[in-house]
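Written below as structure tokens is the structure these notes are about.
By letter and in written order, the chains are A, B, C, D and E; residue numbering begins at 1 in each of them.
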Amino acid sequence: MLLLIPLFPLAGFLVNACFGRRLPKSVSGGVACAAMVGAFTVAVLSVLSMMRSADGALQQDVFTWFASGTLQVPFSLRLDHLSSVMILVITGIGSLIHIYSTRYMHDESDAEFARYFSYLNLFAAFMLVLVLGANFPVMFVGWEGVGLCSYLLIGFWFRKKSAADAGKKAFIVNRIGDFGFILGMLLVFATFGTLDFQQVAAAADARAVEHGVFGVITIATLLLFLGATGKSAQIPLYVWLPDAMEGPTPVSALIHAATMVTAGVYMIGRNAVLFSHAPTTLAVVAGIGAATALFAGTIGLVQNDIKRVLAYSTVSQLGYMFLAMGVGAFAAGIFHLYTHAFFKALLFLGSGAVIHALAGEQDLRNMGGLKKDLPITYWTFLIGALAIAGVPLLAGFFSKDEILYRTFTASNSGHVLLWAIGAVTSLLTAIYMFRLVFLAFHGVRRHDAPAAPAHPEEEEPAAHHAAPAAARAHGADSHGPGAHHHVHDAPPSMAIPLIVLAIGSIFAGYVGVPHALGGVNRIERFLEPSFEVSEAARERQNGAGRVADRGAQPIQTASPQETRSADQGGGDENHGSAELLLMAISSGIALAGIGIAAYFWLRNRPAADRLARSMAGPYGLLSNKYYIDELYDAAVVQPIKLFSTGGLWKGMDAGIVDGAVNGVGLAVQAGSGGLRRVQTGSVRTYAAALFVGVVVILGFYLWR
Amino acid sequence: MIGLNHYLILSGLLFAIGTAGVFVRRNLITVLLSIEIMLNAVNLTFVAVGRYRGNVDGQIITFFVMTVAAAEAAVGLALVISLFRHRETLNPDAFTSLKW
Amino acid sequence: MLSVIVFLPLVGAVLVLLAGGGGDRHDRAPAVRTLALAVSLATFLATLLLWWRFDGTSADYQFVERHAWIPAFGIQYLVGVDGISLLLVVLTAFLTPLALLSSWDSVHKNVKMFSFFVLALETSMLGVFVSIDLFLFYIFWDFVLIPMYFLIGIWGYERRVYAAVKFILYTMAGSVLMLIAIIGLAYAHGAATGTPSFNLLDLYSVHLPWRTEMWFFLAFALAFLIKVPLFPFHTWLPDAHVEAPTAGSIILAGVMLKMGTYGLLRFAFPLFPSAAMYFAPWIAVLAVVGIIYGALVAMVQPDMKKLVAYSSVSHLGFVVLGLCAMNVQGAQGAVYQMLNHGVSTGGLFMIVGMLSDRRHTRLISEFGGLKGVMPRLVAAFLLITLASIALPGMNGFVGEFLILLGAFLWNTKLAAFAASGVILSAVYMLWMFQRVNYGNVTNAKNRALPDLTPREWTMMVPTIAMCIAMGVLPGVFLRPIEPSVKRTIERVTGRSYGASARPQPPLLATLTSPRPDAQPAPPAPDARTARPGRPIQHPRPAGRERASSE
Amino acid sequence: MDVAVFYIFGAIAVLASLFVVAQGNPMHSVMLLITSFGALAGLYVLLDAPFTAVTQIIIYAGAIMVLFLFVVMLLNIPREDPVQRTASALLGPTGMRMGVLLSVVLGVEVVWAMSRMAGAGFSEGPSAPSVSSVAGIGGELFTRHAFAFEATSVLILVAMVGAVVLARKEQP
Amino acid sequence: MTEYAGLIPLLILALTAIAAMLAEAFREPGERMPIAGLGLIGLTGAAVASVALWNSDAHSMGVIRSDNFALFINLVLCIIGILTMLMSGDVVERERIPAGEYYALTLFALCGMMMMAAATDLLVVFLALEILSLAVYVLTGIRRRSAAGAEAAFKYFLLGAFSSAFFLYGIAFAFALSGSTRIEQIGEALSRQGAAEPSMLALLAVGLLAVGFAFKVSAVPFHMWTPDAYEGAPTIVTAFMSTAVKAAAFAAFARVFLSPLEPLKAQWIPMLSVIAALTMILGTVVGVVQTNVKRMLAYSSIAHAGYLLIGIVSANTTGKAAILFYLLAYAVTNMGALGIVALLGTEAKPHDELRDFAGLWRSRPGLAGLMTIFLLSLGGLPPTAGFIGKWYIFSAAVQEGHYWLAVIGVLTSVISVFFYLRIVVMMYMTEGSDAVRPRVAATAVAGLALAVIAVLYLGVLPTRALDLALDSISTIF
């Protein structure tokens, strides 16, 4: 049954990959959507049966993937509460995005259309494997697989160099993360002798929490976290995600907002027990998360590409999730992941609708006043923006608040600072989101306006997007319809996903209404078992557990559950008011942010320009994304290239190594040329040589 | 009293003189003569050793060496004539078309 | 059975000669091609039968054939396969028909001799893998060079002569020293038991003085490491690959490089365990340097074939690293990776061959935007590329993962450095892939290139199918390997005192303060790391102690 | 007496041989060589080998040297070529001096070795009675050395054929 | 009968040679006469006689010992002779070599070689050496019109005479030592003296005898004549002398050094080791830059002498057997290689320059293929006779612990592969010159076929030949 979930999209992929070129769009799109809907159906059924099952999890060992010595890697799928949230998000939102795509991509040729859907289906399959995988290697299959699909989809318009580059960049940056992931996996195996999540958790649970100790679990989790930073676009490996916006917008929605990028968060949640045994790592996770959130938020403030704004927003929100994970609020992190999937997918799809309507225009400066033309898009987009900004009673409010609250009450050192960063980020989020809304939908249309001449520094790397659409129409691979025409609102197949997601963005949060508001935080309770060592695994561990018997039992076996319940116990009574206060603050922040945005970009737009001019330095820094890409290029990429070409290839390889080889040859030749000169041709030389031989031999004998 | 080593030393001297001839003379015939000197030096050794050991083999070997010397001389002189026909010179250093 | 498999291609080669008629007759070329292909396919089927009848649970040699050959020196015609060689035999037989196919249209010059050399090459490579007698092994080992030399030298590209000569001299220079070591070993056996023997199984039991063992090991290792080729003995490879015809490259990368790693595992390590243990870290360091170095140099190559060649240096570095780890995961992974690399790099060379057949250039800068022109070929290219960069689900991953795991259990730092190859392989392969296939068609010559032909389909489909099958179902391949690998490891480590005292992974040793934490939890990841009942000794090979006590 | 004779003949042989190689006229060289051979014959007599002495004179000095003389006169080159400037140092006068030096070294080596071989059978007079009769020589020659004797026939045949082949004028 | 049984092969050859001369004498001008056939009959007869004498260990006239060692060499020489006869026909006619004298001298040379291999008296060794040398000198210069031939013959002759004087001097010291030239007696005298403190005479004898043999086998630094003589001689003669002279000289070398001089092993092993090493190195290194195939093969033959010297230096059973096997392998290989060079020559041009081989693959694929096999065998690559021979030789060295010689041996053989491959490169990988390729006579084809079969047979199934070689060495030592 579990296997069916990824098999559906896989089948869809195979059909489209093998026969797609010959199928009409309706068939290939239909197949892909059917596969996703089928997967969604099976996923719902699976979740229901999981809920009914005794130990709250379903496991399916498909076959032994590979085995060597004591290493056994079964291809096992496991559905528990955590993964059930994920598969529902993936299949559900995935289905919507598939449907949306049938219209969005309709201008492609049949073959390209089928290719698109085959990739998309393949992505879904891998993502489901990632989520369902019961051990590290199977998860890694999905992990790398989604990376591959991301690569393919980002580079879908392969004729565009920037798209191909972005795809490559995404894959390679992900690979850097995977490097950490692999090493983490290896260290886990070397330490615990197993790669099964359950067993690892059980084995880790039997160890002391590494408080203040840079122990093996800390190293392993840090390595795994490196993997997570790659996949989830955190500092220092976030650079690929903004570039990934070169891909089709639905792809950005599905992969680069709702699902794949959250894999890192999911992975940490999956290994919650392991991570909670490494406080150092958690601190790092929290720090990185917070830093990324702030950092990306600031950049998002000044971007002019609609999708890039959303991309930085995603990075920022992912930072939130990591912040949650880092403070041990795993459920809150996953909760935010879940709500974020709705509203970020919505925002992306909405931006897609805008782009679609504007024939590929992505530059905010060329938009404006779209409210009238695109009412559905506008309203749904607005809901998304409100949700992400954390306006009360929408989805984002609950999850974001939960995170901020957890951070504030966390035991991490510097938790207040983390909270403050989170709060600032929250403000930034509101500002840039509504900047987006106001710029795109309000005011008047400026679609033929040239890029602001007063601000040459605003020439982004992706400036070609800002180029007049007419010029781009010549490009054979322009993905929009060729010329300007009537701006139309989203057609039904695009509108329906928007509407569904909008509804989700409003109501998705109500599964996690906090106690302070009289809710029961159902999601947290639902997820809890996944962050603990399951009883079955614990028993297995103890049964085989010579480890637990060896030496003194760890002084403190801190399962996250304990910490959390301790928190919670107090939270209900002592911190209830604190939580309400915090909630109020953040609500205020969200509204303030909206207000600020409204002032600058709705009321007094010149003020924004003035501000930008007066703070040209910081503005330039931000709009150039802190020059991180340039820094990486100058500090890493170019030196390696130069070193490889000049140092290794031309110098070392051709010069020294091969030089030595050929040198031997040349030396022999030179020796040969020299020695042959002795052969003068004169018989007397020959006789002399002979004679020398005689004299030397006799001398040798007589000398002794 | 003349000991065997007197003869041996004498033959050694002669042999060395013969070898020198090969290097000093730039005339093929003289070079051949030098080799004859060497062979004769060896002959002297044979005869002397035979005498001092009371062994007739020394003298017999001398006859064989003389035969060999004659045969070599025949072939060698034939070659000299043949060479002279090609080059009109007897300088061994003139024959260096084969080298290296 | 085995002899039939080994010599069937040779018989075929002779038949090809006869069928080809005198001189270079073009009218006979199709017949010759078909005949050669038929023979190689028959061989492949025979090897499949061999696999079918192979008992995967046994570590012993199977299908052993033994005939006296030069009895005075204990030389026998002794062949057999075990788990390590079985799949290499199959791989050889699998790649040869593909190699023949790959040159179907591109070789016009004297097809008869071409087919002859390819088939002769197949015989000799099969012989290398099945020989148990060292003398026989060496004969095949050296003979491999001859057909390959001609393949490169006659049907290669511009600098073919230089490449061919460099290839044969370089690899010969390494292997001749091994010949001396083989002889020395046989006489050491003679000195111990009265009769010299070249039988590998006899020689496993020979005990050598440390110095002798060291030198012999180095002689063997040099031969194999040049063949692998390990950094810094690799420079023959790029030249040979670049200049070789496609078929030559496929076989060279697909099979011949494996002869080196196979030799390490089969001969160098188990024959000289103490020396192997002593030198393994050094070789592993070279392997890791090779992984990174090969990748970095590959990255900046302007020539696709050269790029793939350097990538081979990098990939084979993994294999050697796995072997040096000398534990089950490492060695098994190494053997598996040999197969993977054979298939995937073979595939890469096929692709490059197809491109260069179409355009007569292999420079990356000459291409661009091919995806729009030849979508199917590029799809195949992509799949092979992914296999090459070890995407999970493709074959490369399993091998690399096992190797890294084995290496990690042995020496953390090396494994960590080696793992960076994972990043770099993605860098150079994808960069190349992107430059060739993505973007606009900038070169007018590329605008109308034909997509995959039926012949190319028949090459690519089995290759890609193998890549995926080996990634998804590695168990099928790993299972027969395991018993033999385990036995080999026992030979290497069981006899060497150094085994139980492999150095603690330094990273763990330095970074973890409470020592028990660093101890692996039972079940122990590997029988080798801690063998109960064995006193932990100073990690120095026994031979050294022996030598110093003398 | 013996001593004096030895030194006289020895001196003649050495001096004559030296002049053979020291002067350039081949005709003179042949004559000097005959002188040297004569001195050697004298030494042979001193060594109780009169038959050898006789063959030395008759065959060596008489036959072989005449052959040389004949060729010298046939080719008629009284002087050798002057030293040429050649590319290789090994061919010039330096090379020549090196050769002579080597000869001297060889001579020193041999002389040194021989003079060190004092002791039994070397520095005193002959210990065994000499066999100098022609009959005795002949007996040995045709019994113990019969094969060698036969072999010389082949040798001479080869030399003869060879000389003919080489020296014969090219047939048109 | 038994007294003379050991002489039968010698007699057959001598008589055949005389018959060849007589045939020439009775030949009408312009008449074609199959003198080669005569030689073939004689050689076959000698071979049959040798086989018949196998294991008889016939002593004849006190100085000829037709033990298996000598008989093995006889067989090698007969094979060389037969191949020479088969391949000479066209060449002799083309080069206008006086046929009767050519065949007679070849047969006399072979006779002398057999004598040398079987002789147990240094005097007979000397005489045999002179017989074969004089014959070969003359053969070298037998093309009277060729200045190069005359020059080569003269150089060879002069140096040969020079070295044989040294050799003779060595014999004289050996005679002074033991009072006899019989090797048994020399051996006895030496072992009586004991090996501990060898006398000055013994050392001088060893040194000078070594010089004589080293010259004949063209070991460094006594090798200088080799390239010139090989290049100047008619190619077929080069083939003959590079193989046959080497075989005979090594046979005598082994018999003298490994039997009577064996007690002085400690004295001569260092010397010969150094010579062997120098020979291998110089032969291969200088061979690298040669552009004339004959000259290249001359240097190669020097190198091969070095390998063979390893066999003598090893001075063990394996070494001795290895020498025999190697001689056989080298004989068939080099006869084949140089035979092809000889057959490619034309009246106008010898076609022995490297570039003359360009494109041979196209014009004469068969010859190119055979040449390749011979060259691979010379380079010591399996599955050819050359490989087994090298393996055998290096085995001997390794067995005695002479690892360094073996290492030099294998490394130089790698270098040598380089220059053999230069010919292969020319034949296969260079566009051809349009040189006139002469027809190759059926007899020559037969000879080449024989040689290539032998090369492959010895390479793949060397067992019988190896056993035979092992069986042949019991009497020396």
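For the reader, a short list of remarks on this structure follows.
Everything that follows uses one rule, which is that contacts are C-beta pairs under 8 Å (C-beta built on N, C-alpha and C of every residue); 3 or more make two chains touch, one makes a residue touch a chain.
Only a predicted model underlies this, so the values are computations on that prediction, with no experimental measurement involved.
Here the chain-to-chain distance from subunit C to subunit D, counted in touching steps, is 2. Chain centres here are means of the Cα atoms, and by that rule the chain farthest away from subunit E is A. By the count of C-beta pairs in contact, the leading chain pair is B-D.
Chain centres here are Cα averages; for subunit B and subunit C they lie 65 Å apart. Subunit A and subunit C have Cα centroids separated by 36 Å. Rounded to whole angstrom units, the spacing between the C-alpha centres of subunit D and subunit E is 30.
With centres defined as mean CA coordinates, subunit E is found 43 Å away from subunit C.
With touch defined as above, residues shared between interfaces to two or more other chains in subunit A number as follows: 665, 676-685, 687-688, 691-692, 694, 698, 702. Within subunit E, residues 123, 127, 130, 134, 137-138, 141, 144, 153-155, 158, 162, 200, 204, 227-228, 415, 418 each touch two or more of the remaining chains.
For subunit D, residues that reach two or more other chains under the stated contact definition are 86, 91, 95-96, 98-99, 102-103, 106, 110, 113, 117, 144-145, 148, 152, 155, 158-159, 162, 164-166.
Under the touch rule stated earlier, the contacting chain pairs are A-B, A-C, A-D, A-E, B-D, B-E, C-E, D-E.
Residue ranges on subunit E touching subunit D, taken from their complex, read 7, 14, 18, 21, 60-64, 98, 101, 104-105, 108-109, 111-112, 115, 121, 123-124, 127-128, 130-131, 134-135, 137-138, 141-142, 144-145, 153, 199-201, 204. Residues 677-678, 680, 682, 684-685, 687-688, 691-692, 694-695, 698-699, 702 of subunit A touch subunit D in their complex. Note for the complex: subunit B touches subunit A at residues 19, 22-23, 92-93, 95-100. On subunit C, the positions that touch subunit E within their shared complex are 22-24, 68-73, 135, 138-140, 142-143, 145-146, 149-150, 153-154, 160-161, 164-165, 168-169, 172-173, 176-177, 179-180, 183-184, 186-187, 215.
Residues 21, 63-71, 111, 137, 140-141, 143-145, 148, 151, 155, 158-161, 163-165, 167-168, 171-172, 175-176, 178-179, 182-183, 186-187, 189-193, 203, 207-208, 213-216, 219, 476-477, 544, 546-547, 550-551, 640-641, 643-645, 648-649, 652-653, 657-658, 661, 665 of subunit A touch subunit C in their complex.
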